[in-house]
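Report on one structure; see the data block that follows.
Naming follows writing order (A, B, C and D), and every chain is counted from residue 1.
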Amino acid sequence: MLVNQFLILAAVLFCIGVYGVIARRNAVMVLMSIELILNSVNINFLAFALRNGSVDGHVFALYIIAVAAAEVGVGLALVLLVYRNRKSIALDELSEMKG
Amino acid sequence: MDILRDHNWVLSVGTFLPLAGVLVMLFIPKAEEQLQKAVALITALATLGVGVYTLTLFNYDRAGEMQFVAQTNWISVIKSTYYIGIDGISLPLYILSMVITVLVMIYSWDHIPSPGNPKAFLMLMLVLQTGMAGTFISQDLILFFVFFELVLLPMYFMIGVWGGENRQYASLKFFLYTMFGSALMLVAFLALFFKTGAESFAIPYLVENGGAIAKNTQVWIFAGMFIGFAVKVPMFPFHTWLPDAHTQAPTQGSVILAAVLLKLGTYGFIRIAIPMLPDAAMEWAPYIGLLSVIGIIYGALGCLAQTDMKRLIAFSSVAHMGFVMLGISTLTSFGMNAAVFGMVAHGLITGMLFFVAGSVKERYHTLEIARLSGMLKQVPHLAWILGFCVMASLGLPGLAGFWGEFPAILSAYSPMEGLSETTFRIYMVIAAMGTVLAAAYLLWLFQRTAFGEPTAEFGGSTSDAHGHDDHSDHDDAHHSDIHDVTIYEWVAWTPLLIGIVLFGVMPNLLFKLIDPAVAAIVTQIGG
Amino acid sequence: MFAEASTVADKALSSGWFLEHAFIIPIIPAVAFALIIFFGKKLPMKGSELGILSMLASLVFSVGAALQWISRVNGAAKEQYVEPVIRSWTWWDSGGFEFGIGQHIDGLSLTILVVVAFISSLVQIYSLEYLRGDRRYTHFFASLTLFSAGMLNMVVAENMIQLILGWEIMGLCSFMLIGHWWEEGANSRAALKAFFTTRTGDIGLLVGTSVLFFSANSWTQENLGVSGFSIRGLSAWALTGDPSHAAITVGAVALFIACIGKSGQFPLHTWLPDAMAGPTPVSSLLHSSTMVVAGVFLVGRLYPVFFEGMNILGSGVNLITVIGGITIVVAAALAFVQTDIKKVLAYSTVSQLGYMMMGLGAGAWLPAVFHIFTHAFFKACLFLAAGSISHSASHHSFEMKKDMGGLRKFMPITFTTWVISTLALCGVFPFAGFFSKDEIIDNVGHNGYTVFMVVGLVGAFMTAAYMTRATYLTFFGEPRGASAGESHDDHGDAHATHDPHDAHDSHDAHASHGPHESNLLITVPLMILATLALSAGLFNATPFGKSWERMAKWVEPSSVVVEDMARASVGETRGAPSAIAAEESAHKDSVCGTSTPATGICYAPQLQHAPFKWAKGAMSVFIVLMGMLISWLISVQMYTKKSGFFVGLTSRNKVLALGYRFLVNKYYLDHLYEKVIVHGIAHPIAKAAYWVNQNILDGIVNSAGLVTRRVAGWVYRNVDQRVVDGAVNGSGAVARGTGNVLRPVQSGKVSQYGALLFAAAAVAGLVLIIVNT
Amino acid sequence: MLSTLFAAADWAAPTIDYHAIAPEIIVAAGICVVLLADLFIADRSKWLLSTVAGFTLLGAFIPVLTLALSDGGPRSLFDGRYAIDDFSLVLKGLFLLSAYVIVLLSTTHIEEGDYYQGEYWVLMLSSILGMMMMTSSRDLISIFVALEFLSIPAYMLAAWRKRDAKSNEAGVKYFLLGVFASAVMLYGMSLLYGVANSTLLSDLASEISGDLTAIRVLAVVFVVVGFAFKVSAVPFHTWAPDTYEGAPTPVTAFLSVASKAAGFVALVTVLYVAVPGAADVWQPLIWVLAALTMTVGNVMALRQTNIVRMLAYSSIAQGGFILMPLAVAAEGNSSAAVLRSVVTYLIVYAATNLGMFGIILAVSRKTRSGELASFGGLFSYAPGLGALATIFLASLAGIPPLAGWIGKFSAFQAVLEAGTTWGYVLAVIGAVNSVIAFGYYGNVMREMWMRPVPNGDTSAIATPAPLKLALGITGLATLALGILPGVALHFGDIAVFSSAFGG
């Protein structure tokens, strides 16, 4: 049945997202990678919902989308803040505090 | 049992009264130093009064049983209760702690170490008193643990704030050491608790049921307790905090430390570790004995290597507590009696020695043995008191020290059956040699500091070798600090001196008290 | 049946108040001590009166008790065992063991009691003058009194613990007394050494007591109802309880080590000469009747234990005799080369103690005890005489060669008493020493210890020799040094020791007019003691027949089996088959010590007495006189060269040519003596012995302390501070170090954080998957 | 038409027990009030807002009490997805009270800062609301929502000081890692859902058990990781020190106490209610996490010179102690004891840690510095603060008779009650760590008692009233809970799930 392909797709997306989070130095890109992961999660939920024929998955997916939107909003706001103060959004430069 | 429950308020009052004093002092402004001292002293005296009242009420014919027993809910969730009582072993130590506190208060009247602030200093001392007294009366492991730990912080600050140059290092070391021990001790307590069916933390209950635990489990649990108590005693490998703490602590701190705090460890062995885990005790006894005799010799050697009077006395504590532990390790009631007696004796004598050391420091501003000399000429009374304590400390018959030392050695000849006699007889001989070394370093100390002519730097003028009887007077002219024993010191010291002689001449005053209680414990180990 | 027989034969023993209350004797001075300490300074005589009174009081008590004891003995049947008067109270009990305190009064203890109380009184009276004006006058009398209290307590002790108590108190006081003039480093070091050496011996005391206690306790409790510390119990147990040989041997040897230390026996004798640093009265008391006698007393007190443990009479030789014998000779040889008069006396004391030990070791119990008795008087007298000299003649110097000589005309009384005591010490008939010392030698030989008899005779010879030398140097020839009224500066050291402590008036007196006789406070004690040195021998004058052997009658416990109980155990017999032994030992006259009686108890071993033979006596006296004569001649030639006088004489008068030649020949003879014998043999040997003594034995004693300190220092620095403490501090460093290692993790970079986060999650996931599926 | 659709799904409006969710409602209302009031209130009277916030929290506490006293037994809404049982009530109470203390701590700080105040209170309240929801959530969805609800405002609070680079950095780091972690967690949740075909925890419990396929294991691990991040367990702790240091101190207090507690609530809920069957997976995982967290937190804290950062590491280490018993939660009959110890620890830890932050706030008002050295000689010129600080530090170090010890004690007790070898080993590790911990707590004490005052400025410290009150409350609580540990333990004891194993 189709579920496995969806799951694989989700897994791939997840890995890409993780890679992006770890490898990217640009805050916005990291943000987007995280979105990727969330979407992979959504795909998972929908796929399982499809297989199990229960509605919970859909509901969860909807919630995730909504929350993700909020997160992105906050995230962009923070990135903007950083940009205002530093004229840069390179994450590596955000290492004033360490040790 | 009802007889033993009569007046069971006295213990609680005697333990927590000092805290009341602390509360009062909280509301007295810092500037009112005399008032502070007065309140503190009065509190201590009142506490001692309660203690004496306890003495009068105590039923000496039943010294083997817990008296004034009080038990109420405390932490019901973990089956721990506020359970206190006192028997022949606890009583002397309980009273000792009160007496010492009072004397230290008196001594503090004109000996507040820098940087002053008697308010904090005395308050800490009162808290300390509560902790010490409480430890000796607790009949519940958790309660015991709380009081056991309660003494840590005040002592930490006493050393750290009012101590010598190296105080911060010393205080932290003292604290970490003890805490390390007590942390493992707590784990051991809990393990014991669960192994006995998680029924209760009450010491009598655990003594009843502890023996049922499988032997090798016991050995492990005992290990935990051993570290906890051995650090406090301190036994040989765990002793290194002691010299630093003692040397750096202010006089009052050293006195309390030597007189009472060290006893918490040995008391723990007698009251908790050994009766609760008899099989493990049997297993451990030879090693405890070994560490004890090592401590005896090792401490003595340490003393001989010292150039600082106070540090020397501190090391001597290691040796003396070695005798105490040797007595305990025999697991015979004879040996344990000796041990308990030794605790009290050591408390009186070494406490006194530290008092003297403190006063010497105050007068000469140094404790370098090499620089001190001819004290007998400049401060005859002080020096004679030093001599007296030295004699007591090296175990001269007729003074208290002997009755802790000699019976301990004696007891090692025939340990409890099951323990290797040859091993312990070897220990006995080594310990006997220890007494000689004790004589060596103590008399050496006395000879170098008290005898001879005062050194030039302290006004010991070599010009008039023919000497005059008013020698010391005309020294005082030059060195205003160097004066003989003051009235406060006399008041603070006399009780200790009397005690040393009294218990030396009439040891039965204590043995009568201790013996039944110890016997009760020894029956637990099937001795 | 034997039991009845004995009970019928035995008479009820009389007693008396003094006997019953002998335990008060040590208490009196103890109390006096406290009084002196607290109020002494305020009293008119600075507390000395308290000391003297207390000593006199205890003397009265002792004598009273002694008289009652004598009547008790006289009242007893022949061969009856005279029970000692024992009283005991529980002092403390612990762990089921009871520790008593009380009194054990019998002939031995009474003898010593009387002697101690007597000598102490005299010494204190003497000190009134000798220490007048001393800065620590009061302290001195306090310590002196406590010292006597300690000794007395040790003598009346009912059990070992009480005995140890007195023993240690004496040690302490000796520390205080020897170090009395502690401003001098040397004195305080000597004090430390004395205390420390004896204390080393005390290891043996502790160990021995423990061993004996635990081996004997059950038996004594069961059979006598006393603890294993009780002296009576131990004695009975040793002879009757047929103890395990190992236990009793170990115990005896351990105790004997303590005695070696206390009684200055070879090789622990080196503290004794140093102890001369103390004031002379102290030396006199320490060395005549108290401190050093303690060891001998202990052996005599627990004689059955040593008898069994050392197998006395059982074999040709045992530890006690050997040590005693060596001590006699070594000490005598050492005494020969001393120039300090007190050191001569000190070594002579050691040597005499050697006699006592040897006697005890060879089964001559009574003579040894008797020798304690006599020796006390003449040795005390000698010391006091020496003190009198230094006090009134030589300005506190004890250097015979430098500061004395020709004093006999200045201080006749001192001289006379000294000579009497010397003769007594040398054992010249009829002085006290003869009766006791000769008895020892005699009995040692009689008991089959021939070698040691010879040793004893040699010792006698040497004693005579060195005492004569000392006498000559002190009292004959021309006054030298201080005695000749020279200024003090040439012996400033002797000054510094003493000067600050003597009142200056008495001191300046010497300066004004030279040597003179001391005043009555000093001479009267001397005379009393001299009288006794002359007469004390008659207490047990064996030569004059049985009726004179009072000591034997009053002091020596009879060694019969006491039938006060029925014991089941049958002991084995040395040598003979046990059955027969049991059979005969059951008789009342069964021999204690050689066998273990089947029933009843033995308290004292059976000892024979050598029958006195005038020949033997004469021989030993002859030896002594030879020694004196030779030594005298040598001394004359060595210390006062008079040859010039002879030359002048001949030049004036030819008549004396013969005499001159005779003298010259004699001179050759003396030359022979002096050069060959003395310088050729005696001196090298003695010197060698002394060198060994100072550099080896003493070196060991001294360096023991040093080595220990070195070791201590090393252990402290390397083990304690580095290893043990290092481990502790190290752990702290490790904790911090870990922090630094982990620091890079906290790099502050988000991406790395994320990587770590996910990596950890992934690893955890993988591991757990592998584990769980 | 709609109605038909509803009819088709035969949809019935759920009956809502308003009493049960009254606390949440009150807080929500409070949020609206503050939000609106902020628009109309003049700047000089903005202090009203903090008052409103404070009273909101206290007000919300009332229904918590009434619910606790009402003998209705556990209530559950939305067919078991939202439960009001003793566990949730106890923790709601804890959140509300600690939030109130935090408000007290914040008030002066926020008033004196030159940033908008209204938002601060709104964000704070909403985060609290999220936490309250978390305590009751019994469904993956509600847990997720609650988690985000409490997290997102926290991100913004961390970055509160807009123009302060450190604050920005703190916010960004916290945000990115937080979102990343929750994404990972979501992935795990999706797998759980896939396996169990339900998001209701109690359903999961029945499904996730027996044979643990790889997917189940992975799911559990990812979910645990998500919460481990929240409780800043090593190695998911990296954000904490930086964020704590950068964020405004009151926010740090808030994060280190409330939000950490919320994380534990979620973790415990999931472990106890959802995946008890997967104990073989999460017990070892948590064992390792606990050991690492205690040790790393302590050794890192030893070498800090900034007191806030040091407290950050200390709170990481404390988290390790809270985790410790969870490593044996499913062994034998220890689960009850473990739950008790977790809750107890949270209670005493909240009291103590908030108090310590109060001290830092008070001191920094004078010294304007977060450096350790700025505490030099505190006792000599401000004995009151010094003594209080000593009490708090000693309590954190777990020294009787101060609150901290009962937390540590119950943790040890729980971990030993299991009686497993691993339990004993972990206990010993914990014991050793409790000693190391004193290394840096003692260090602060040493500064206050034994070190000289920096640049000799011994002018007194002016402590504003709210701060005083906060310090009073926490100090009193620390002492009381220490001397009468029964109280804390009692709450820990009654806080059990209506539906869980061992509960």
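Brief remarks follow.
One rule holds for everything that comes next: a residue touches a chain if its C-beta (ideal position, glycine included) is under 8 Å from a C-beta of that chain, and two chains touch if they have at least 3 such contacts.
Predicted model, so just to flag it, every value in this text is computed and none were measured.
Averaging the CA coordinates per chain and comparing them to the mean over all protein CA atoms picks out B as nearest. Remark: chain B and chain D have CA centroids separated by 44 Å (rounded to whole angstrom). With centres defined as mean CA coordinates, chain C is found 99 Å away from chain A.
Separating the centre of chain C from that of chain D, both taken as means of CA atoms, is a distance of 81 Å.
Once the centre of each chain is set as its mean CA position, chain A and chain B turn out to be 65 Å apart. Across the assembly, chain B contributes 176 as residues in contact with two or more other chains. Shared interface positions of chain D, defined as residues touching 2 or more other chains, are 172-173, 176, 180, 184, 241-242, 439. For chain C, residues that reach two or more other chains under the stated contact definition are 732, 743, 746, 748, 750, 754, 758.
Every pair of chains meeting the contact definition is listed here: A-C, A-D, B-C, B-D, C-D. Every residue of chain B that touches chain D in the complex is listed here, in rising order: 30, 73-78, 115, 117, 120, 142, 145-147, 149-150, 152-153, 156-157, 160-161, 167-168, 171-172, 175-176, 179-180, 183-184, 186-187, 190-191, 193-194, 198.
Contact residues of chain C toward chain B in the complex are 90-97, 135, 161, 164-165, 167-169, 172, 175, 179, 182-183, 185, 188-189, 191-192, 195-196, 199-200, 202-203, 206-207, 209-211, 213-214, 496, 499-501, 705, 708-709, 711-713, 715-717, 720, 724-725, 728, 732. Within the complex formed with chain A, the residues of chain C that make contact are 743, 746-751, 754-755, 758. Per the touch definition, chain C reaches chain D in the complex via residues 732, 735-736, 738-740, 742-743, 745-746, 748, 750, 752-754, 756-758, 760-761, 764-765, 768-769, 771-773. Per the touch definition, chain B reaches chain C in the complex via residues 173, 176-177, 237, 239-241, 298, 300-306, 332-338, 341, 374, 376-377, 391, 396-398, 402-403, 406-407, 409-411, 413-414, 428-429, 432-433, 435-437, 439-440, 443-444, 447, 450-453, 465-467, 469, 506-508, 511-512, 514-515, 518-519.
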